[in-house]
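Shared between the two complexes below is chain A, which pairs with chain B and chain C, respectively.
Presenting the complex of A and B:
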């Protein structure tokens, strides 16, 4: 086997709707500097730079080459990946492989999106097949409304349960200085009364369009021990993609569809000896573009039995102080700079493992954490982090 | 390199000016199907990256560009055709040499044993100038109307001025590569030309003329990489990746001396040191170099250290780089005979593999032992990649 890989530096921008004060390159540079500062490293200490975003969202072709100066990639190796919502985790995967391979001892891994200079929904609509898909393309909101509706009908969850998840997310976001939407919601009534986007999805129940970046520094075991006293090890990572046009990519009414989430965690748990996820893993940062999706993911990740995700919510199990905290950072529903979002999940999970999450540090001691990504036609990347190997 | 990585199968579609008869998935499958048949590998459902299945494919790395495909998440176009369903698939958005680099790292990491790499591009269906303009900084450069052609024109002008390279020497590259291309059954049949034809063709952006630029092309390429152990079982004559690296330039053309290609020099140095190459022009049997414009073959040859600075012009005149010369460059015909952008880097690797296997037919370089493949991305070679392939 190759080298063990650790996260030794973590940095992100303050995420906002508009970052008209900076160019795309400058914004990414903020995250890169923060990660270098966190690792106490200089640009010349980084051997390679890997980036992720979706070109069509900003309409910038080859953005990695455009920002080579600001990402410290000038005169260094690197490349860019683009896989939709999962891009920020696909880049974690490539950084992980490259450092494990021994080709590089250190690597900078960056996810970014500046949605104030593009039209994301138009670009997402452009992800479907031009021949027979365009006529029914709805962007992301329609898909997740379908998911919410299916979830409600299948499990008996009420709109109140989803609102409770939204309230939990906001509580976390308010304690996370980097989060985008920090609303200070007082009750589920505010969520329920926020007006429908597409029934049953309400205005407060769908992620914002954020602009921001997140950078991680990876190091081989030997280097990691010299750089930091608190390395966070990438124990394993599983990517599962699936065919773009299966009937129930999001919210399968037949209940027969195999989900990429199930397959990904089955592989991850099996390879890492995880038999009872909420006991063996201490917390999770998951990719939930909508609070409804979060409840369904509890089930797909086997945090609870099928159709009982909403019961975990009722019991408050996934609160910051709960038995199995999920998304103490506020999650995707509070902050969604798409190319950076999965990188932020890994970053936030790593901060929890380090015990450096500040006000949103969970009560439970976190020695193992999971970060997931969702993107494209329901693709999944699941990453397992550990304090020690 | 510590863990040897072998290329066990390569396939390319026939390159063509217009493949309106197929969509991207169908196009890429023409190549993928061949590498599956050659190795007997199948897309297995339970791909766990270990011994669980008998020589299955652990992952697929695809390479395409959303802008060229006109589709967000362009791997949606092909993922069903590369075994991506319920499997590990990733898309590299660069020149495809970088996708092979990625697959190589996946195998060297010990995480995966067998990786399929596939790339495609249909230049016929997109607006080259419009796409390339969006690669330039929107604040400072895009508004100037720059694209890769105008960037290349500035680079060619500066290179010719600084090192005394002539338009005739550049034209000779076109003559050589188009003649080689006609010997390649996968080439798109770009007709042979003379130096006078090139010098008499329409000026696109001075000093670059119509025939100095590669023709529009559609095509796909696929290959399978494996660990040494599996490579030997999958294939009688695996070709080994001896060295590989890439390197970024700065984006702002005004910050560079365009007659220099520092990133290429650095990438080549790393790849050579991995492969134990100290004297590239003697140790390499051939070089496959990506050249979208004729001057690039000469400039990149210098960056790769195949000759001294400013000497590439004399080298092309001497016939050294011709098929049958001491160091043949682009015996396949290169991009000037017709390869799509994005696909070009992998096409160079595939051609290198065919040469080393002795399967290059009429374009075969005799006794080829070590080959160099080069691929670049972006304006004036923004990201340069180099791979050294060996028979042993």
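Presenting the complex of A and C:
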């Protein structure tokens, strides 16, 4: 490992379907200002700027160049990263590497997406070569629908369990002023009765299309100690790529494949002496595009034995007050500005470590937290944060 | 963190930009064979990895899992298969590649083809949600018109009694 790197500034926009009141660069600027304010830094204190989004969503090839004024990037070094759904976590990794290498002492890292510009599902479908045609003509959602069905059949989970996950997410979102969907759901019946979107996923069981941005400021150890009394250390970070499965889908109907989630957390846990994840890690912010996916991820991340993710839900273990809180912010199912989504996972986990999450601060003391990202095709980025190293 | 500014109802102008673009993609030697066989013979073909002996689908010059040149061991695959997983969309969607309107609702499935067991994702003919639950064995129905779209030359997979 290189030099120690800390998160010293955290900022995000309010997330909404439509931000017709601002341009893309103005929207991103809101998150940047919030992060600078949080760190009590000025634009000139930032040495390099790294950005991430899904570039076909806004149909702009060089948004980083266009946003230079708002992102404090004018005449500074930086890069833009585009790794699909994981972009917002890959940019965290990018900033981390540059500061850890000693090349920069401070870096501004931004994930953003303004989905009110275009047609997201069409853009995602265009992610594959047209020469291959039909493959993902359902966008991402058709894939997650099939996975939900597989999960139901394989584990015996009921629709009620998924509805409980959705209810938990909404409870968190209602306490998080930045969350997009804050519905005030009262019962699982409301989820169950919300009608099918893509069978067996219901209307309330898939993430929204949000517009928003999230910015983080990273600093080297020496700088971090001067900037803040509450640095959040990036203890480790693992990326695993899994190019398309044989079936060309997110799930694995072949039963022959290894999941990038399993490999990523195995490496992360081994390198950091984590033997019992829900004991050694205090909470997690995970990338769950659907409530069904959340239960499946509990298993892949070894929070529970295989096929028992729904039992964690039944016992309420992952509630805000639970033994191992997951997504107290409301998660992706409440807020999904795609390029910013994984950055928000890291930001929210960092807020929990700092104890600054406000109304959605979990009951358990958080000295260690994990943030994950999921992207197509089957990429996982897992980030481990600690209060002290 | 930011605070929400009081909305003063500024004049918000939304600019609609329709920017049609045309692309020309190359199929290359291996996918080209898929397109040609589908167009001329209504057949699905794949090449076999010389090392792991698995069919490579989509056909390619290398087997990434074995790190070897895949070569030219071409196999005609069965156009019958078994539905492994399916879903159906309840909202309308456009085919982004050719601009076709996809009927609503339309079911898609992951289908395991017979013999060598390649998995592919395609549409199902059956549209009745109740009947879909029992769809197991299916066979490809080839388009007669508008072919030359590779896998898209198959209209959908039809339920068969077996």
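In this text, the second predicted complex is superposed on the first by the 377 of 389 C-alpha atoms of A that agree within 3 Å, B and C clash if a C-alpha of one lies under 4 Å from a C-alpha of the other, contacts with A are read in each partner's own complex, and residues count from 1 in each chain.
In this section, a residue touches a chain if its C-beta (ideal position, glycine included) is under 8 Å from a C-beta of that chain, and two chains touch if they have at least 3 such contacts.
Everything numeric in this text was worked out from a predicted model, so none of it was measured.
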First (chain B), second (chain C), both or neither touched by A:103: first
Partner chain in contact with A:312 - chain B first, chain C second, else both or neither: neither
Residues of chain A touched, compared between chain B and chain C (which is higher): B
Partner chain in contact with A:267 - chain B first, chain C second, else both or neither: first
Partner chain(s) touched by A:204 [first = chain B, second = chain C, both, neither]: neither
Contacts of A:150 with chain B and chain C, given as first, second, both or neither: second
Contacts of A:235 with chain B and chain C, given as first, second, both or neither: neither
Partner chain(s) touched by A:59 [first = chain B, second = chain C, both, neither]: both
Touched partner set for A:376, first chain B, second chain C, both or neither: first
Chain A residues contacted in one complex by chain B, in the other by chain C: 59, 123, 126, 129-131, 243
Touch list for chain B against partner chain A, complex: 2-3, 23, 48, 59, 65-67, 70-77, 79-80, 84-94, 98, 101-102, 104-112, 131-132, 134-139, 245-252, 262-263, 266-267, 270, 377-379, 382-383
Residue ranges of chain A touching chain B (in the complex, touch as defined): 1-3, 23, 25, 49, 54-57, 59-62, 64-69, 73-84, 90, 93-94, 96-98, 100-103, 117, 123-124, 126-131, 238-244, 258, 260, 263, 267, 270-271, 375-377
In the complex, chain C residues that touch chain A: 1-2, 4, 7, 10, 12, 14, 19, 23, 25-28, 31, 54, 57-58, 64, 84-91, 93-98, 102, 108, 110, 112, 118-123, 129, 149-152
Footprint of chain C on chain A - complex, ascending: 11-14, 20-21, 30-31, 33-34, 37-38, 59, 121-123, 125-126, 129-139, 141-142, 145-146, 149-150, 178, 195-201, 243, 246-249, 251, 253-254
